[in-house]
Every structure is written in C-alpha cells, then in structure tokens.
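Please read the structure below before turning to the comments.
Letters A, B and C name the chains as they come in the text, with residue numbers starting at 1 for each one.
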Amino acid sequence: MDYFSRQKNTNIRLTLPVVCFVWQIAMIILFGVFIRYDEESDTHWVETKAHDNITSDIENDFYFRYPSFQDVHVMIFVGFGFLMTFLKRYSFGAVGFNFLIASFGLQWALLMQGWFHSLDPQTGKIFIGVESLINADFCVAGCLIAYGAVLGKVSPVQLLVMTLFGVTLFAVEEYIILNLLHARDAGGSMVIHTFGGYYGLAISRVLYRPNLHQSKRMQGSVYHSDTFAMIGTLFLWMFWPSFNSAITDHGDGQHRAVINTYLCLASTVLTTVAISSLSQKTGKLDMVHIQNSTLAGGVALGTAAEFMISPYGALIVGFFCGIISTMGYIFISPFLEKTLKIQDTCGIHNLHAMPGVIGGIVGAITAAAASESVYGKQGLINTFDFTGDFKDRTVLTQGGYQAAGMCVSIVFGVVGGAIVGSILKLPIWGDPADENCFDDEVYWEVREPESIPPILEYNNHMIHKQQDLSESNFSVEHCES
Amino acid sequence: MDYFSRQKNTNIRLTLPVVCFVWQIAMIILFGVFIRYDEESDTHWVETKAHDNITSDIENDFYFRYPSFQDVHVMIFVGFGFLMTFLKRYSFGAVGFNFLIASFGLQWALLMQGWFHSLDPQTGKIFIGVESLINADFCVAGCLIAYGAVLGKVSPVQLLVMTLFGVTLFAVEEYIILNLLHARDAGGSMVIHTFGGYYGLAISRVLYRPNLHQSKRMQGSVYHSDTFAMIGTLFLWMFWPSFNSAITDHGDGQHRAVINTYLCLASTVLTTVAISSLSQKTGKLDMVHIQNSTLAGGVALGTAAEFMISPYGALIVGFFCGIISTMGYIFISPFLEKTLKIQDTCGIHNLHAMPGVIGGIVGAITAAAASESVYGKQGLINTFDFTGDFKDRTVLTQGGYQAAGMCVSIVFGVVGGAIVGSILKLPIWGDPADENCFDDEVYWEVREPESIPPILEYNNHMIHKQQDLSESNFSVEHCES
Amino acid sequence: MDYFSRQKNTNIRLTLPVVCFVWQIAMIILFGVFIRYDEESDTHWVETKAHDNITSDIENDFYFRYPSFQDVHVMIFVGFGFLMTFLKRYSFGAVGFNFLIASFGLQWALLMQGWFHSLDPQTGKIFIGVESLINADFCVAGCLIAYGAVLGKVSPVQLLVMTLFGVTLFAVEEYIILNLLHARDAGGSMVIHTFGGYYGLAISRVLYRPNLHQSKRMQGSVYHSDTFAMIGTLFLWMFWPSFNSAITDHGDGQHRAVINTYLCLASTVLTTVAISSLSQKTGKLDMVHIQNSTLAGGVALGTAAEFMISPYGALIVGFFCGIISTMGYIFISPFLEKTLKIQDTCGIHNLHAMPGVIGGIVGAITAAAASESVYGKQGLINTFDFTGDFKDRTVLTQGGYQAAGMCVSIVFGVVGGAIVGSILKLPIWGDPADENCFDDEVYWEVREPESIPPILEYNNHMIHKQQDLSESNFSVEHCES
C-alpha cells in the first residue's frame, strides 16, 4: 500500500472517526434542545383527537404518508446506493458511503428544515412527524445527487463535509423557493434535482483532476456490476410516483401525482431505448443510458406532478426527457469534460440537472396555464395554496414565481458548490491519488486481490489466440504446451 | 461480429427506434383523445366529496389500493425482470427488455382496458385512477409471462410486437371472462396466468429452433446469476398477497385474499423443496425449482384468493401446486421440448400455464361450493357480485361460468399465440441466429469479453489435473512447468 | 462426491422430503381443526360493520397494518436471506434455507401463537387476521437469527428441527413475557432478538466443531457476495421502523415507533463507521461491520420504540449500540470462539443478543421513568396497557416486570438452545463434515465447478510475479513461456 501514500495521504483513521463522533454528539445535543414529537406522534394525541373531534385513528397523517415514506426511504438507500454500483470496483464505496452520508444528512436536515420551516415561535421547539421524515429524506437526496458527480474521487470525510454544507444550503434555498416565493415543488424538480445537480457539478469542477486517466483501468463497468446497478435503477423508477406524491395534498393531490409520474416514466423508457439504439452502429443498447436516462421523466415531473397536467401531458414530458437525457450522455458529457473540465462520474447533468431545469420550466408553464375551468374554483386554490398572504395571487404571477424559484436553485447550486468545492480542495481530507480513484481498496478492507481486470485480460487473450481449438480442449492444449 | 450477420441480420438500429418513436407518439395522441383523470384524482374531488358526503380524504380509493399497487409494480419490474436473470449471460436482456416492454405495455393496456371496461358512453372518455394502474400492470404481467418462454431467442422488436398483440388479446379475453361471463378472477389465474402462459408457449412453438443446441454454451446459469434470480423470486413471492388482493373488495375482501395467498405460498415452498430433493441422487436441491415452483401457489390462488376457501384450503392448494410444478420441471418440460417442440426457456408451463389452469378449476369448484351459511347472505352477494343483471345467478351456475372462463383464456392464449407467432416469424424483426441465442452481446454493448465459460472451463481443468497439489502451490507449479 | 461421505453422510434424499411432507400435512390438518378467518377478514364483516356502527371500510385493521406487514415480510425473506449471502460460496444456502425454514415456521407460529394468545374458549378456534401474520413473521425472525450462528455448518433438516422447537419455545416465552408478566415489547428486543440470539449461540456451542479450520478456504467473502449482503442489510435497515411499529397501537403509537427507530438507526451508522475505521491501521472500513452493526440500533429500540423516549433519547441509544456492536465484532467474537467455543458465523451475538439485552434494559428504564406529565393520564394507560388486571400497576413496577421479561428470554434462549443443540447432535441429520462447511456443493446442484478460490489464487500469483510487465502483455508473455 506504499504507493497510495506517495502523493496523497488517504489515511482517514483520525479524521473519519473524529468527524463521525463529534457530529453525532452535536446532533444529540441539538435534538435534545430542539426536537420534539408533533401532536400526531405524541401520547397526548388521544386528547387532541377528542379536542378536534377526530373520530378515527386512521385520520392520523401517518396513514396518509407512511407507505410513500417507505418507498422514498428505499429510493434513498437502495435506489441511489445501487445505481452507483455500476463501476467495476467501487460497489462498497457506492453503497457504503451513500449509507453513511444519508444517515448523517437526514439528522442534520431535520434540524435545518425545522429551524427554517417549522420552528414553533412560542416554545422554540421543532415538532416532527412522518412528513418531516420525508422532507429529511428529500433533503438528503440533493446531496446524494451531488455525490454522483464526484463518485470515486473523494474521501468519505469529504463526502460528510459536502453533506453538511449541502443540507444547509438546501434548507435555505428551499425556504426561499417554497416559503418566500411560494412556489410549488412537491417532487423537487427545482429544490432537489436542479440544486443537487449543479451543486455536485460545481464541486466536481473545482476538484478537477487533469490526470484522472491514470485510473482508467478502474473506470467502466463489468457485467455483474451493471446488473447490480439495475437494482438501483428499478427501485428508483418504480417508487418515483411515491417520491412525487409523498408530500402533496391528501386525496386527489397524491392520487394525481402518482398517475402523472407513472405515465411520464413509462414514456421516458421508450425514447431512451430509441436514442440509445440509434447511437450505436448496429443498434445495440447501452446500459449507461438504460440505467440513468429512463429516470429523467420522474425528475422532470417533480414540480408539475400534482398539477392538472393531464395524462397525455405527462407522456409528452417523458417523451422529450428520455431523448434529451440520452443525448446528454452521448454529446454533452464528453463536452463538459473536455471543454468545461467537469468530470461527472454518474452523469448527473443528464439525469438530474438538465431534467430538473426542464421540470422547473414545465412547472412554470403549467402553473401559468392553469384555469378555473380545468381545476375548479376550490381546486385551483387548493392546488396552488392560494391562501393567507397569497390569496390574491393569479396563476400567471404564480408561473413567474415558479420560474424565479428555478433560478434560485441554480444559483444556490453553482455558487454553493464552488465555495464548498474550494473547502474540499484543502489537502487535509484524505482524498485518493489520481491513479487510485474508483478503487475500493483505498477506503475498504477488500479480502481478495484486485483481480477482475487481469483475469479478463488473460482470458481475452486466450480466446483470441485459440479460436480454432474447440472449447473443451483449448485450455488443456494451452497449459500442457 | 461478422458471424452474427452471416445468417441473420440482428441490426435493429432502424426498426427499434422507429417502433419506439411511432408507438410512443401514437400513445400520446390516443391519451390526448381518450384518457382523463377519474373523479378521485381530479382537482374537482373537493366538490365530489361535498356532494357525496365523504367526510375524510382517506376515503379516496388511493389509500385502499396504493400500497398494493406499489407491491405489484415491484413484481412487474423487479420480480419478473430479475427472475429471468438466471442465464449466465442474458441479465441485461432479461431486466432491460422486461423494462422496455412493460413500459410500453402499460400505456397500451390503459387504452385497451379502458375501451373495453370503462369507456364513458356520454363523454367518450376513459377515466383513470389507481385501480386502472393496477389493471394495466396486471395486463402487462400476461405479456411478461409469455416473454419467459422465448427468453433469449427473440429481438426487442419482436418483444414489442408480442406485447402489442398480447395486450390487445388480453383486453378482449378479460372483457369476455369478467364482463360477459361475469366470472371472478381478482388475481388473474385465468385471465393473466393461463392466457399469458399459453400465449407464450404457442409463440415459442411457432418459433421452434431445431438447432438451438448450437448456443448450448450460453444456456444454464452461473453462481451469481442464480443469486440475482433469487431477488426476482423473493419479491414475487413476498408481494404475491398484494397481487391477489390488489383489486378485490375493500375491507374483508382484500384482507382475506392476503391471508389465503400468504398461506398457500408458504405451503408451496415445502413441497417444492421435497420434490426437488427427491429428484436428485443425493437429495441435493435444484435452484431452478426453488426459483420457480415456489411461486406456483400464488398463481393457483389467483381466482379463489378472495373466496372463503378457508386457511387450510389455501394450504392444500399450495401443497399440490408445489408438487405439480416441480414435477413439471423434471418430467413435462423435457417432454414438451422433445415431443411437442416447445422450447420454454423459463419453464412458464410449470410456473404459469399449469398452475393457472389449476387456479381456474379451484376457483370454479370453490364458487360452486359456496353457501349462504359460510358466506352470509350479503357476503355471498358481495363476493360474487350477484347484482344487476346477475342478481339471480346461483353459485352452481357461477361455478359453470368460472369453468367457461377458464376455457376462454386457454383458447385465446393458444390461438392468439399461434397467429402472433406467425407474424413474428417474418424475417424482418432482427432475431438472433441459433448460435447466438441467450447472449447479451447481440443487442447490448457489453464492455468485457464473452469470458465466463472459458474461465470456468480452464479452471475446471486445473482442478481436475492438479488435485494432489496443495491449493497455494498448484498454480505456481502449473505455470512454471 | 465420495469424500463427502467418508466421515459424514450428507445424503438428505430421504429425510428432507419426509420431513417436508409430513410436517406440511400436519399443518394442513391442524389448520383445518383450529384456524379460521377473524371477523375483519370474513365475509360476515358486512354484518359486523353494521353491528358495530363502523362507517367506512378503511376502519378495517388491514389498512392500519398491511403496509408494515409487507415491509416486515421483506425483512424476513430478503433482509435475513441476503444478509447471510456474504460468504463466498454459500449464497444458495443462505437465501434458500432461509426461505424454507421461514415458510415452515410461519405456519407453525400461527398455530403456536394462536393456542397461547388467541384461542377462543367458546369455539376452540384460532381467528387470524393481518396482525397474526405479522406476529408469525416475528416469531420466525427469532429462528432466522439463530440460523445466523450456525450458518454453513448444519443441514436443512437440522434447520427445520431447530425451527420447530424454536417457534415452540418462542410462543411459550412470549406468552410468559407479554401475557403473564405483562411486559411491553412491540419490536421484540427481548422476545425476538435476545431469545433468538441466545438460542442460536447455545446451539452453536453444543455443535462446536474443533476442526472447523479445515473449511477455512470457504470462509470469508468475495467482492460480489459482499455486495449481495448489502441488499439484505439495507432492506433490514430501511424497514426496521415498520418492524418496530407493526403491532404498536393505532395512531400515535405506530407514528412514534417509526420516528424513534428511524432516528436511532441513523445514529448507529455513524458510530459503526467511526469504530470500524478506528480498528484498522489506515482507517479502512470493514464490510462486516457495515453490514451488521449498523442494524444494532433497530434491535435495541425494539422495546422502547413505542415509548416517549424522545428523539434525542433514540439517538443516544443508537450512538452506543453502534459502538458496542462493532467492538463486539472486533473483540468479543474472537473471545467467544477461543474461550467459550462458540462459533458464531454471522456474529449474531453482536447484532442480536447483546443489542437485544441493551434494548430490554433501555425498555425497563424508560418504562420505570415514565410519568403522567410526559405521557398524559390517558396516554400512560394506553402506552403501557394499564387496563383490566393491570390497571393499578405503577410505572416502577412495570419497569421491574420489563427487567424480569428480559431474564425470561435469556433463560429460554440458553436452556432451550442447549437442549435443542443436543438433539441436533444426533448423527442422523445429514450435517456436513468439517472440511465441507460453508459450501453450497453439499446440498445444492451447483452447475459450475468450485471455482472462485483457485481462480483468485492463480491470478494473485500472476499479479505477484509479473508486476513489471504491462497489463496487456503479461498474460501473453506468461503463457507463451
């Protein structure tokens, strides 16, 4: 292992435990000061029920949102985690670090989102329930997206720092977009995907490695790692309707968001396959596209899923997202790497940033085009929450604020990412040398030798040389020579 | 790749994108004309609620069915997809093409099922909600079952054509069985499994390849591909109670269907293991049986799950299905291949067709044996929907109609499959040559060489030759000789 | 295969099928005599509803518990099954035998738990609903935990015997703890994890194999088997909130249990990572710790999850559990093996037994410290079920009974395990010889040779010898020499 430390010190035996312990203790103290059960998860609920004339236990928000919460939870840990296992030798880092930063991030998100959105002015406490857990998972999603851009090139300590700042920035931009601008963004096209995408890309730009080709042997996938990645893809794809409907309005709001997302994603699959096939000489499909671009429709419907975009509208959004996202992998990613020096391991620009922007635009247009004839008078008020301070807002104004929200999320992503990237450039975080990127050996005890590529090379050679010999003989011949 | 094209042209660079684009555009247009949100997913629901005196948002059908829908969705994409990854070198095709045809099929199913079951005569529109999504997934399941019979032997274009016709036939037979005959089949023993099974087998018969042995090296599994397949098996097995209860009656109907299916499947596992162990010299188990036959109980309870079959009745059905399905893999599959020239890659005859027929028969008998003393007066009416035109039907008559439904599904499967098979025989669809079946290289960019079989051969040889040498030495010895 | 039978006869062609058939037939008969649908899953529910003035179908317990049930079901079959696939060559046994014994165990559990908890004195019947299914899955979990200790060292017949007795013992200790002592243990820290842990450890002690080192080559993991195991870890981790809340009180009870478990598990991840990193020279992480110790928090909150332990209290429990469990893998497991002769394949002492005991203690303390000011008068009664015979119990007494329950579960585990271990020692069960432990070849048809270790050895050698040659050349050089 000497050659690891020649240029870079990847020993994280001090920093990683210290960061984990200190931050976790800080969480405990802050939770002790601020976080309490909300009225639906407190034993006093029996009194609340009597007081509010709630006749049945099933009126608890838990029963409206828990199934969706669990689906979102699976997306965060299995979906994002396994989607990133496609690299031949970075599965532990993909799943394991995803697990670590999500576990820290959701605690910090409960605090940050609590302070900004639901701090009770009288008691100074944050009251949490199942919707808070969903929002915490959402917030974490933004940071996991950013992880996709730097996958294989950073240390777990850097990832934790990235998550600390990412969650902080997220809570602020979310507050501006949802509360101040009063934009709607239930599935987070802007708040989660656009922000997370540009945050990660900006960090990756600052951490640009001109000699990354030195670890070329570790880039790319092997057969089984691609199959593992499909587990991530499918759980994300299947549960995306839950993602986009998890915090929408009870009743028709959740129902409609599910239908729209379900349809949009189906449409995306077909156009992704079409473009992927077109891009190869004999029409072969590329797993990179199937793993990633098929999900773009879910991202792009994050804002509009709860609107009356209509079923065919959802299909149209998916249609174009599949095309654009796959084209992104073919044309834009190489351009970003060569010209803008953005090394984007998972292609989050194509899967999150671009579709997120599309989602923001679709949301703005759909909002501006909303009408009482389609939504009904009360339906319009409910959908866009035209109550309180915002009761006189028109749909056209709403469309403008949606577009403004879009810009806020881009600015927070780019500027925030640039600043955090500079912090991560300090030579104290234990990041790997260029030739050791994308290699689990650096941060994990791997019990077998770094074996896969040589085996294949060797075997490849044998196939090439011995083509004429029958299969059952060739190895004998070869070895007895 | 020259040798691929010697006999067959597997270039799908034109056909696949064209089919994807044209069909997806057709979907968008047809959805624009026909598909609308139903009243529970429309923003006008606030008015519907007031009108119908619905006091709580939780009365929305969404909350009755969404958790089951998500389970069914997982079965379709992860369950069916991963179950078929058992082949050593066809995991991409298994999961990827499953993904593609399900995504197209569910859109087409919403239209076809809508036209036949729920076209509103006044507006000419189809109103969709969560139950429509479940039904679309169900319809797709029929086509994915058929895919199992031809796995590895067809092109993605053929699969799309097969799905187009499959969904169409499905909607018609379903209309005849459920609406005209008024048979009950909530979990689709007849409508889904019997139809899908025979549809696939008939297609496979028409596409018979006498020289399939030329790709023998690609048949069979490797260690990890069998482990991947168990992911599919388990998600199907665990969520089958949701499958059989997803569209049954609210309340006791869904509750009972879950209990019955849960018990039936548990029983199936034990008898599958017993027969699998009996079939080998030293009692070893065969993964093929464990992966497939353990699911037969779920198939066979598709019709009767919602009836008062009683817990021990469910166990009995599972008991025999495990035996019959495993026997099928041991005795019937080789017979079908040799004598009837049906090459059934996944053994869908044993997992779907046969258990589906058993399910139909069990359903007919259980219906005919239903009594007011067991069901209660109102319970009997609710369970068999003896209302409207059918309010005077007796349970005995119902049993007869159930049996008739069974026959309809077989006929549709066999005849439909034969016709569609003939269409798929046209030499324009880009199917692989006999020696290239079961190989992802044909339709996928595979980044590593076709390596697994040679490595194993080679290694096998070494083990054989060098048995006496200690493990740590043998390779050294061998290579320095 | 001759060498298998030299010392031990692993032929299970007679015993396994006989046990499966006879026991399954026994289940059918006993179900026929005892098991019926409960009033919420019976067609007479329409009358019950009218009688009890239930206005909506959604008041059926099914809708309160089915989503949690499905999550628990996934934990049992995918969670436990895949967690144990970490061994390089025992994935079939891990997933497959887990599948078999869980399928038998849940049937037997419905009977045993029914007789002890819910036998109707008037009719002599056991009425089952969704909560019974959850409890059956819980009961099975205890046996699957015990499987972890003996993984790779026993035959499937032994596992079935272990499950038969395990479920029986479980039902008795559960009856004593929950009904007689009236302790609370919704997530089963004591009833499931402590009992299951000590049951397995005691069996493993009795079955001690002094020459287990003879199968050393099969111990340990390979890269992909570790990735498969992470599927198990994550599904257990994500769905643990459902596990701890599945049978708690409707409304705030389920809601609170979810929040507590969610937080506790997040905290555990950080301290597990910290200790794992500390334990290695350069701070590298160990997959064994990440796969297992991250789950300890869920175990330890099994009793207290439904109490008002408060969010920061949950974090504190998780904090210490991550530390203790990881330390266990580093220090206690080797000690147990060397000194106490307990060979614990999966380290269930660190993941279940120890955290289970911690959970029991946390539960006792939290119960003893409960106050009317925190819980509210009615809340206190609801949470601890101070009704009927127990309406005058104080929280302090309750704490004492909780601690007593803890002891009961340990005694049942240790004594029961010792007895059952002695039965399993009889030379009739077909267990493998020491040199064939941890090898799927013994009980499964494996289609490829026992290949992984030699390939790696060989390859390892090549890497070592040919370091100076460039990658693309070395194999050529080497082979042509």
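Definition applied: a contact is a pair of C-beta atoms (placed from the backbone, for glycine too) under 8 Å apart; a residue touches a chain by one contact, two chains touch by 3 or more.
Just so you know, these numbers come straight off a predicted model, no measurement behind them.
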C-alpha-based rotation, chain B on chain C, 0 to 180 degrees, nearest 5: 120
Interface residue identity across copies chain A, chain B - same or different by half: different
Computed distance of Cα centres, chain B from chain A, in Å: 31
Chain B residues counted as touching two or more neighbouring chains: 56, 58, 63, 67, 224, 231, 455, 462, 478
Chain B to chain A touching residues, read off their complex: 1, 10-17, 20-21, 23-25, 27-29, 31-32, 35-37, 40-47, 49, 56-58, 60-63, 66-67, 70, 73-74, 77-78, 81-82, 85, 89, 91-92, 95-96, 99-100, 103-104, 106-107, 128-130, 133, 156, 217, 224, 228, 231, 430, 442-455, 457-458, 461-462, 465, 478
Complex contacts: residues of chain A adjacent to chain B: 56, 58-59, 63-64, 67-68, 71, 220-224, 226-227, 230-231, 234-235, 237-239, 241-242, 250-252, 254-256, 258-259, 262-263, 265-267, 269-271, 273-275, 277-278, 280-287, 290, 294, 308, 310-312, 315-316, 319, 374-376, 378-380, 382-383, 455-456, 459-460, 462-463, 471-472, 474-476, 478-479
